[in-house]
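Got some structures for you, see below.
Note that subunit A is present in both complexes that follow, paired respectively with subunit B and with subunit C.
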Partner chain A sequence: MGSRASTLLREEEIEEIKKETGFSHSQITRLYSRFTSLDKGENGTLSREDFQRIPELAINPLGDRIINAFFPEGEDQVNFRGFMRTLAHFRPIEDNEKNKDPIASEPLNSRSNKLLFAFRLYDLDRDDKISRDELLQVLRMMVGVNISDEQLGSIADRTIQEADQNGDNSISFNEFIKVGNVYILYIDIDIDI
Partner chain B sequence: MACRTCLWLLGTTFFTCTVRLVVEGTEVGATQESISGIQIVTFKWHHVEAPYLIALWILVAGVSKMVVELNHSLTSVIPESALLIIIGWILGGIIYGADKMQTFTLTPTVFFFYLLPQVILDAGYFMPNKLFFSNMGAILVYAVIGTCWNAATVGLGLWGCWLGGAMGDIDIGLLQFLLFGSLIAAVDPVAVIAVFEEVHVNEVLFIMVFGESLLNDGVTVVLFNVFDAFVSLGGAEIDAVEIIKGIISFFVVAFGGSLVGIIFALLISLLTRCTKNIQIIEPGFIFILGYLSYLTAEMLSLSAILSIVFCGICCQKYINANMDERSVTTVRYVMKVLANGSETIIFVFLGISAIDPAVWVWNTGFILLTLLFIFVFRFIGVFLLTWILNKYRLVPLEFIDQVVMSYGGLRGAVAYGLVAMLDENKFKEKNLMVSTTLIVVYFTVMLQGITMKPLVTWLKVKRAAVTELTLAEKIQNRTFDHMLVAIEDISGQIGHNYMRDKWHNFEERWLCWFLMKPSARKSRDYIFNIFHQLNLKDAMSYVKEGERRGSLAFVRNETKADVDFNKKFRASFSEIMPDIMADNMGPDHEAEKGNDIVPSVCLDMHEQDLTMRESEDFNAHHLLQQHLYRGRKQHRHRYSRSHLETNRDENEVQEIFQRTMRSRLESFKSAKMGVAPAKKIQTKHQKKDKPQKVRGEGTFSPFLHVRPHSHPLIGNVMCMLCNVYVMLCHF
Partner chain C sequence: MEDLWSIAVVLLQVWFSVMIGFIMIPAMFGLSLGVTSVYIQILVKILEVTVRKLDEKGGSMEQEMGELRRYRTQSISRGEFALSDSFYFYIKGLESIVDDQVTQRFSSEELVSWNLLTRTNHNFHYISLRLTIIWGLGVIIRYCVLFPLRITLAIIGLTWLVIGTTLVGFLPNNRLKNWLSELVHLMCYRICARGLSATIQYHNKLNKPQKGGICVANHTSPIDIVILANDGCYAMVGQSHGGLMGVIQRSMVRSCPHVWFERSEMRDRNAVTSRLRAHVAAKTNLPILIFPEGTCINNTSVMMFKKGSFEIGGTIYPVAIKYDPRFGDAFWNSAKYNMVNYLLRMMTSWAIVVNVWYLPPMTRRVGEDAAQFANRVKSAIAHQGGLLDMAWDGSLKRAKVKEEFKEQQQKMYSSMVMGKKGRNSQEPHTESTRRQ
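Coming up: the complex of A and B.
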């Protein structure tokens, strides 16, 4: 059990995470305890199985995709930093952030970054376009078994028709943004003590 | 069929009346007779009078319920409670006609001691705890502040109108008005459930109204006693000290009552921990101790309802884990039987009690003003409080929710019971109050009960028509929903959760150790439980379906999961389960335990969607609406008086779970065993599994018996799950 000590969070790390993600000190420690409770192997990183252990995700249609979103390209482990970085997308937007230093890069939880996160759920091959197939895949995950493939196909076609503006039969990120703008503002989780 | 039931009903009532007449007749005769010889058969009515009448009345109530349930289209328009009251009127009329006086009424003693406790215990035992406690703040605000507001405004309003002369000349004072206000202000749990059975609302709204109706008893009891004491003291004796005492008594009564309930919950849990050898009488303990908690709180002049509610709430988890599975089923069923029976009797008697000219005093002003005030002030109160609450809530309560909440503030038998307890000497106008209370109860239960559903439908349709989303928007919205839910689950957060985590840790370490049987504790390894539970169901249904169809060929077709699990389950669940579940498996096997993860469909929404629009892309929208999985945020209905498993769309969960597990298995297989051709892997597993499979029904147990006590590599568990699934899918 000696490995425990090395996984404790150091102050410098907390500061760095704070700067990068904008979470407060208490939120970071709170999420760290959540991270460690998920980390059954106690090696300071989470694997896919650790996420899959959360039962509620097994019955979330997009559960596995969202788990994937935590892992950077081709990697199988995510450390606390990466964990926080992903969660930072869902930090509530605070008023005082709007006047921040414009030179600094866009905060992780800005609207467009949130939309980018959602976009990446669809766009598996990272070509910045949601093709008909990718859309079909996601739709298939979100829909019951009583809907046939043809019906689903026609829904996908319709959807692309509605959203596509430049006629390339796929949805680019810009077109994605234009759909349902208002709703994205409510995608915040209140990580609070 | 209908004729027979009605005949039964009439028959029993007539029997009751004639019995009484006969009794009176024989009484006179009996005393004059002297024993002249041995009587072979005697008519010993007095010997059995009391229990006989009780049993007879229960029978009558039961038969009334049968009559009510005859016509389902009727019950969907008029709530059951209203129909029962009407039957009560008819019965009361018959009895009055026969007896020239109302011999059977709902007395406060019978009501508070014998009819109410089981209803409340049922409410507490089946309460969705997680939902309840996460909305506790809002519920408390409505229960405490809302009820005080209602009581004060109604009382003062009536007093003002009385001063203004709207009620004519009645012998009453400010304090009596306030007392009346306090007893008429409380929303009634019995009535609320009865109406919300038909109207499907989302779970947050439901728990608000339900929780409020249960918790406001604390306030009602205090207000009632305080004002009763004030009236006895007389107006002159009231000073600041007394008022402060009143406020303190609120805290004492409320917290004291809850504490008593929690203590009894601990007792029950401890007791069930030790009852391994007398499993047959385990259920009895639950009911007796629950009842004792009620009586104890009553004895200590604390809030009895709060006590029994918290007893039910706190002991649910532990007794379900500790007790034998059959005992758990027994407890659940008997609870429902008792609660349903009590509720029926309560409503029938509410009807009967009305047919008694002795209690009727009509005062137009008083009655109409009361009705007006409780209605209007409830609306104002709810909207005001919601406006304040929404500033602090994560998910605000919408307009339609507030309307439903205000409109759903029904008064019921508790108010009647309280008013019947008033002392006539202190309250000269007791009969007026009783009459008014009865009218209020009838009005709310019947009128508001009947119009609730149309109102909600109308509002929902109105709201839905305003926002016409495109397909893309709908899909996106739903995606965001699922995303948000997933992130919440990953970060372990739903709203303010820090306290809850702390409580969880405390509970895991200390309470479970103390209150649960060791074997129950061991099998509480959460992940294993959930997977096990769902796997077991899957396994059983696949096997059953296969047996039914003669071969398992269909299982290989993975794309068409046509098996209707639900139907199979209801029937065979209880038979199969005891066999499969080896002794002391003790996991949370009931469907209810999956409470946290099983979503359900709101029938209401479904209807809405079906009648939505006839436009050109109707088909696509319609399809999507019908088939898109609903996330956790969507509507669910968790509590029902008459059904044990309510409105849960297990299909949805099954489908999603299967899909997820299949895809995980695929990736796991390819990762662990290399990309070997699928067939090969199957046969390999088949060989391993075959010998064990042959052992018959107990087959599944050996597999699932292996419990990962000490957190082995997740690979092992996954492997096991792999095996189970592969075996199932490729028999």
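Coming up: the complex of A and C.
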């Protein structure tokens, strides 16, 4: 963590990020400090290797998917704004959050945005459906080599059966919400300052 | 012009006599005039009074994480596979992106309250005029008064080390030589310690490492050597360098045996082990000093001990070293600062305040392998020094984590999923927060 952390982030930028993501001033500076400590190349952006250097993330079975979520389509670098935007999905929902602007768009960390984010982690091709293959992919990442193809296939089939309501043999976003909703409350991270 | 010159000469003379009389000579004989301890006390008082306001509040992230985890683990243990299982991994992953246990060990510790050194305060905001003035005074004192003093002492110490050990080296091998060699080494390290304004508190001196043993300690910086050598003589182990370090190394070896390796030899583990074994076997040799972590860690935790040092045999004397971060950040971040830069930073800190604990000697138990023994010693050191005992490998500073650990995670999850199909799962349901 360099002592140049707070000097490189201008006040206007902090304000913009605050408006866009809802993080507080101290949370933003704290995360900027973290961003710069991960940025070994010191060029203001993070690459996939920078994320891979975190051991706890590298051993996470879904680590690669999580890392991909930070990078927009086809890009290899993410800057601080992008970094914050992704993390903003997981900012805890506070009771006292009032929309200052009635026509402002929904905050990034609203329940449905969180679920959409989680849904997209499964639905790689963005066709708004989780197909059997996409589900199998995630399952395979989580269990490694420890479960056979047939067993994994039947688990996937069963899961789709339980969630699928319109019989198209895939899980749409609405069907996903019904399954995932209970746990969505716990999908937030605390950034403690 | 001439007057100025003669004044300068007089000042220089006064300077040197103060140094020699008040600092060097007592240092050489292990006495202390108590100036440093008074200085430390004054410093503590000033820091407490002026910087009270900067205390930052905040519970730990870990406490709140623990609560969230309780909900999630329940959800996993109830059903087979649920779509939300993946959320568990997502959250763990995101949390490790925001802050993780390992990479923070490789950068300096963050302080709760500021110690008037800008280098330790990352979010230096302008707080008040009073604080800024005191900080300014601090800078002047540290750079203009303390720093020249310390640099002169360090140079004298090192020069004397080289000259003294070379002179002793001319004597034939007998008890007199050993005694003189120990004396010379001690004197020089004491002068060097004064050169860093180091205040060292040794605890449990009766457990001090004996001849023919191996001393292991946690590693924070190259200064650890100076700290330990102030109280006893050790045989150093390390790579032979060129340049100034090489000169020092070669002269040290003349007066008593140290173990210096060529770079090529270091890769051959067997050669290293056999050389160290030979050294330990000769019971009259000084105890070897080894840092099994293999790299500098930031003094908040102890990372995995490499088992190589524990395969040599002999008695292990563990030592715990804890620096007080209020007075200066002793951690050497070798990625950020080179050695010279680091030493300059050390010499312009307030002081170095260290606690050294000698732990009772340990030997390998029957049926215990080197890795388990290493872990046992590591826990003892971590416990004594008040440091976190981590199973992560210090070499993660530079190298990537091994694939096997990811496979372990996958295996655990698989058994959770399969176990629900009526078969009893053998794996205990544990949080894998720390893995070897």
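In this text, the second predicted complex is superposed on the first by the 179 of 193 C-alpha atoms of A that agree within 3 Å, B and C clash if a C-alpha of one lies under 4 Å from a C-alpha of the other, contacts with A are read in each partner's own complex, and residues count from 1 in each chain.
To be clear about the criterion, a residue touches a chain if its C-beta (ideal position, glycine included) is under 8 Å from a C-beta of that chain, and two chains touch if they have at least 3 such contacts.
Computed from a predicted model, the values in this text were never measured in an experiment.
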| item | value |
| --- | --- |
| Superposed partners subunit B and subunit C on subunit A - clash or fit | clash |
| Touching partner for A:Asn166 - first (subunit B), second (subunit C), both, neither | neither |
| Contacts of A:Thr29 with subunit B and subunit C, given as first, second, both or neither | second |
| Touched partner set for A:Ala58, first subunit B, second subunit C, both or neither | both |
| Contacts of A:Ser154 with subunit B and subunit C, given as first, second, both or neither | first |
| Stretch in clash, subunit C with subunit B, out of 6-14, 42-50 or 78-86 | 78-86 |
| Subunit C-contacting residues of subunit A that also contact subunit B | 31, 33-34, 37, 51-63, 66, 87, 90, 118, 121-122, 138-139, 142-147, 151, 155, 158-159, 163, 179-180, 183, 187, 189-193 |
| Contacting residues of subunit A [partner subunit B, same complex] | 30-31, 33-34, 37, 40-41, 47, 49-64, 66, 70, 87, 90, 117-118, 121-122, 138-139, 141-147, 151, 154-155, 158-159, 162-163, 179-180, 183-184, 187, 189-193 |
| Contacting residues of subunit A [partner subunit C, same complex] | 1-3, 5-6, 29, 31, 33-34, 37-38, 51-63, 65-66, 87, 90, 118, 121-122, 138-139, 142-147, 151, 155, 158-159, 163, 171, 176, 179-180, 182-183, 186-187, 189-193 |
| Subunit C - residues contacting subunit A, complex | 56, 58-61, 64-65, 68, 71-72, 75, 80-87, 89-103, 107-108, 110, 118-119, 121-125, 392, 396, 400-401, 405-411, 413-415, 417-418, 435 |
| Subunit B to subunit A touching residues, read off their complex | 394, 469-473, 475-480, 482-493, 495-496, 498, 501, 526-527, 530-531, 560-561, 596-599, 617, 620, 623-624, 627-629, 631-632, 651-653, 655-657, 659-661, 663-664, 711, 713-715, 718 |
